[in-house]
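What follows are several structures.
Shared between the two complexes below is chain A, which has chain B as its partner in the first and chain C in the second.
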Partner chain A sequence: MNENISREKAPGGAPATIKKKYRPQQQKSAYLFILPSMLILTVFVFVPLFASFIISLLDMNIFMQDVSFAGFKNFARVFQDDRVRGATWNTFYFAILEVPLQIGIALLLSIYVAKNNRYTRALRSIYYLPFVCSMTAVGIVWSMLLDPNLGILPYLLRCIGIESISFLKDPDLAMPTVIVVSAWKGFGYTLTLITAAVLNVPSSLYEAAEMDGANTWQKFTHITIPGIWPTVSFCIVTTTISALQMFDQAYVMTQGGPLNRTETLVQYIYDRGFQTAPYDLGYASAISVYLFAIIAIITFVLRKFILERGE
Partner chain B sequence: MKAKKVMAEVLAVMLAAVSVTGCGSSGQNETKGADTTAETEAAEAETKEDTDTAAAESGESEPVTLQFWNVFTGSDGDILRAIVDNYNETNTDNITIEMDIMPNDTLQQKLPAAIATQTAPDLVLFGVENLAPYVSNDSLEDISDFWDVTGVDKDNFLENVVELSYVDGKLYGTPMQYNVSYLYWNKDLFEAAGLDPETPPATMDELAEYAQKLTDPSKNQFGLAMPSNTTYMQFLWANGGDADDPETNKNLLDSEENLQTLTWMQDLAVNKKVTPANVTGSDADAMLQAGQVAMYMSGPWQINGLREQGINFGIAPCVAGSAGAFSPAGGCSYVIPKGTDAAKKQAAYKFMKYWLTDEILKEWSQKNGFPVWSRTLAEDPEIQNDEVLNSISKATEIGRAYNLGYSLASQIDNDVMIPMFENVLTGAKTPEEALKDASAAMDTVLAQ
Partner chain C sequence: MRGWKKTLRRLPGFLLTFCIIIIVLAPFLWLFVSSFKTDSDVISYPPRFFPTEWTFAQYKYVASSIPIFSMTKTTVIFAGGVTILSVLFDSMAGYAFARMNFKGSGLLFSIILLTMMVPFQIIMTPLYIEVYKLKLLDTYLGLILPRATSAFGIYMMKSFFQGLPKSIEESGRIDGMSEFRIFRSLMLPLCKPALASLAIFHFMNNWNDLLYPLMLTSSSSMRTLSAGLAVLVGNKVIKYGPTLAAAMISLAPLLILYIFCQKYFVEGIATEGVKE
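Then we have the complex of A and B:
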């Protein structure tokens, strides 16, 4: 990246005069191109974003009656609420285990499927299938498979003598189960990105390494990993962000239970704003701002330490 | 660098534009909403005109279509649908009711937003515990004139049932059904365990004793199902404890009586394992119907499922403790969301009146096993000879209101009571800790 920028800069003043002439027009059409997505972003991202900042300072419920200014009262509540603390912990618990699991599975499998033949292409499509399914459908199917009374998995375990385990209803097992299901659903996407990156690593590098007597593991750690690091780091950042926003998995499979052990921040936000009377939008927005801050900080740190290190 | 500067400027302009369009777009949304309602109104007006001419010819009244949401997802929903379908066919007021059944969670998520955006249905049927929170947000129509307008005799119904639809002296709903929790027991399992199949436990001590006798891990059979996602007011009350006083906003949780009850529950669930671990209410329903659970406390909606599965069951009142026997009462009411227009409101009144006829109430009670609360219907010989209805009449006498008509009710359940019972039943906290934490949580809720 740095190289590219310096190359652009290098020509200096002379081309700049030409650029000055042409740039405005070029830019005009460019804005036209980004206008549609900008409009969508405005309506669905920027407006709600600003609205949640403002609502977090208000005393307001979903019926929007008796709206009054609350100052930082809602934020004070965020830091005193045990369930926010629990949900924060659950959110991190989920992200810290789910992200490495998903990327780890994808990395390992990429070694085997990063070849362009019919067999590996079929495998890659199969691995991608869960990703295109709706999380609700996946969640319901897994809840049924894991149901202690009806599910096939507990039944098979019973057949080999392991007493019925209620995966999604045991307070200690629920979150790990949700993590595994999420990783199962998501790894196909990561795998596709990583495989594409692996296939882009010049084969001459491998040939040179082979001539120097490198084994498979050495080739993987010294050529593949550095070669695909930009893609991997991109995956780490995006998967982490989406893991921190986890909602539908737990909402469908556990509803945040048992004992709120799978309740994440987004779920608690939803619960306060839309599920439990008095539908406190002000407080729900304050928790959203709190989550926004957490994600912003983590993204910043990840970019600092992962993206830049790669370059 | 220059490119960056330009980009920054552009972004700044964009953001400014965003904040302007931000206000603009919300305005647009409003007008959009108005447009669509105008459109639908226009469409309705058109259909009205079409049918008006038809009506003028045939001498019928103007057609009215009512959107009707309810939470009857079980087998009772089929019976309700049959009654509504029959009403659609037979009513002479040209009223058509379009019924939409959804789980209670879904309804509770959709309805507030629908009322706030003027897209609510015209008639809703839900638990009476919801009335007060919705009324406190001014989102239900005041229908205090119902008795006068329709001529239905209010005094023909038991006061404690009708009362559930009143909030602060105003009527917001008409009663649809009334229920308390019963103790169901499986007579076959009683017999197999050497207990008298005709004698259910009457006290908490007997309940605990029977539950242990009826538990057999080798057969995956449990004595007493205690789901962890619900409340057990019947046990707290039986020992003289309580949760809160809605009149005075007072926290009544932290008491010796409650501690004793919770300790007793934890002992049964965690040490003696008489209940399947970590089950929800619907899991317990299924296990009772499968004959894996010998005793279970639940409402009348179990009766149909048990009949269908051919379970040999009995219905008894909830067990008594040192302070007596009580059972949490509940019920459902028809309500009209705020903003429903006068014509639809009148049509809704007509259907509510239809429901309150003895003919319909009798059908509902007999088919579903719900208690009878119409005085004239109670005299009906068929009702008096109904075996199930007879056995529940005693169980119904001990009904006691728990936070009904209290606007904080659902929050107290979700944030205080259910977590407390869940912690006790799963053994996640000692009864002392669970009670202390719940009491603190109750203070937070009541302080609002």
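Then we have the complex of A and C:
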């Protein structure tokens, strides 16, 4: 019916004029439709984004009295601060190991569960379970399971002769432990994305390979991997970005310790600005601008080398 | 003979998937049963997986010693409020960008996409100052308002609306409906699955969020469950047993929601995957 009407009108005056006649009214409503979102994004994203660069140039604490211009003093401090250096190292340490671990587990599992039947669907929905949970609860559970005195895992290790490992209190083991728990929480998410991609690879390709006598592994490396590469690279980029912003895990499980060995940049920003006197917001902002630069550069590099290579 | 060989070849895959099922489920099972342990069971050595005696003592302790009810209330109001407002505003904006012609729509949309790339901690400090200056610190409104729309939601709804046939709103216009009525009564009912996925996405993220509510609230009764628990555990003011019960309380609503609306949990994520 609608088509009829537009067709009837078409010969009389070109449809373009009809469209234009609607326009002023429609434009006004369109602006009203986007108004709430634009207002909120302006006030709570754009303004803070610009403000953050300005605050990083100020001497300013959380009480917001005696604000003065500091120039690049805060940035000079960023580059001399040992804790910034340590936190940068920890942040990279976490990202460089956590991202491949999480994506590796998901890829390996996808060989077995990226199929569309009831059994694999059930497996996948269980693997996704930890991703639904808050890092707070996950962190609490794992800290207790790993507790050197009461935890079940150190006890089981003791039973097979490995003495008193305190996973989260040993400076050398704390970060690897946090990494494994993070991968435990996140691999189901990556697996879900990868499974969707695997199921999209045309099955005719597999049939052709089977006729040529390819085995499971050959099919995986020669058909699946190239077919899902865009999704894998998307996962690499997004997981890396969120790994560089790691906060929850360390805040709940280690509070940045032992000896600041799990303190990440976001945690240090939070600590400097909101947790420890003198609540130096200017300096906290300078560190966050520094982190923003790191994330921007890494995102750029990853996109250049991973996304483009896939094409 | 061949069938036997086939079974053998499937064995590694079966073992691997099975082991990981155990690794994933065991901590949940342990948390669930341990929240019903007595104090002495919780700290017994050697540690026991299952309680010797089932009790609600830990839950009772939690209810009487930490503001768990007001924390749950805050979490529900915060996550629920954000979800309702954000789904509404995201779908309105997504609709306008997908189905209406207006000046500057391309530019405005790319600006919105850019905000997806701004990490939260860069805007964290100024956001705190803003909310403080608006006198909204430690209030529900202060928690909800900054999250009441999201670039991802706008993007997701725009992609969804673009897939609907053009004839729908034309029929509405011929009937003389206002633009908002066309959106409300013709278009929205068609995208219930997308709205559900987006709602779950917002609800889960905000229910679980830590840094954001931690920063914008200060009184213990205004803390969300995840932020409040993290603070209690960090300050070591809460014993092992009650911590487990409280963690169980904070997880239960999402887990139940996951069991019943699994499809929508995964679909929001799947959209995210095609963002590139």
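The criterion applied here is as follows: the second predicted complex is superposed on the first by the 267 of 311 C-alpha atoms of A that agree within 3 Å, B and C clash if a C-alpha of one lies under 4 Å from a C-alpha of the other, contacts with A are read in each partner's own complex, and residues count from 1 in each chain.
One rule holds in what follows: a residue touches a chain if its C-beta (ideal position, glycine included) is under 8 Å from a C-beta of that chain, and two chains touch if they have at least 3 such contacts.
Just so you know, these numbers come straight off a predicted model, no measurement behind them.
Legend: residue contacts after superposition of the two complexes on their common chain; A:M38 is shown touching both chain B and chain C.
Once the two complexes are laid over each other on the shared chain, residue contacts for A:A208 go to neither chain B nor chain C.
In the superposed model, A:Q65 makes contact with chain B only, not with chain C.
Within the superposed three-chain model, A:G257 lies in touch with chain B and out of touch with chain C [touch as defined at top]. When the two complexes are overlaid, the chain among chain B and chain C that reaches more residues of chain A is C.
In the superposed pair of complexes, A:A76 makes contact with neither chain B nor chain C. Contacts of A:I96 after superposition: neither chain B nor chain C is touched.
Contacts of A:Q26 after superposition on the shared chain: chain C is touched, whereas chain B is not. Once chain A of one complex is fitted onto chain A of the other, the partner contacts of A:V47 extend to both chain B and chain C.
Within the superposed three-chain model, A:A277 lies in touch with chain B and out of touch with chain C [touch as defined at top].
The interface of chain A with chain B overlaps its interface with chain C at residues 23, 27, 31, 38, 43, 46-47, 51, 64, 149, 274. Chain contact summary for the complex, chain A toward chain B: residues 16, 23, 27, 31, 38, 42-43, 46-47, 50-51, 61-65, 149, 164, 166, 169-171, 257-260, 271, 274-279. By the touch rule above, chain C contacts chain A in their complex via residues 13, 16-17, 20-21, 23-25, 27-28, 30-31, 34, 42-43, 45-47, 49, 89-90, 92-93, 95-97, 100-103, 105, 108, 112, 115, 117-130, 132, 145-146, 148-149, 151, 154, 167, 170-171, 173-174, 178-180, 183, 204, 207-208, 210-211, 214-215, 225-227, 229-230, 233-234, 240, 243-244, 247, 250-251, 254-255, 258, 262, 265-266, 269-270, 272-273, 275-276. Per the touch definition, chain B reaches chain A in the complex via residues 2, 6, 10, 14-15, 18-19, 21-22, 25-26, 105, 108-109, 112-113, 115-116, 133, 136-139, 220, 228-229, 277-280, 283, 286-287, 407-408, 410-411, 414-415, 419, 422-423, 426, 428, 448.
Taken together, the chain A residues at the contact with chain C in this complex read 1-3, 5-6, 19, 22-23, 25-27, 29-34, 36-38, 40-41, 43-49, 51-52, 55, 64, 105, 108-109, 111-113, 123, 125-130, 132-145, 149-152, 155, 184, 188-189, 192-193, 196-197, 230-231, 234, 241, 244-245, 247-248, 251-252, 255, 266, 269-270, 273-274, 281, 284-285, 288-289, 291-292, 295, 299, 307.
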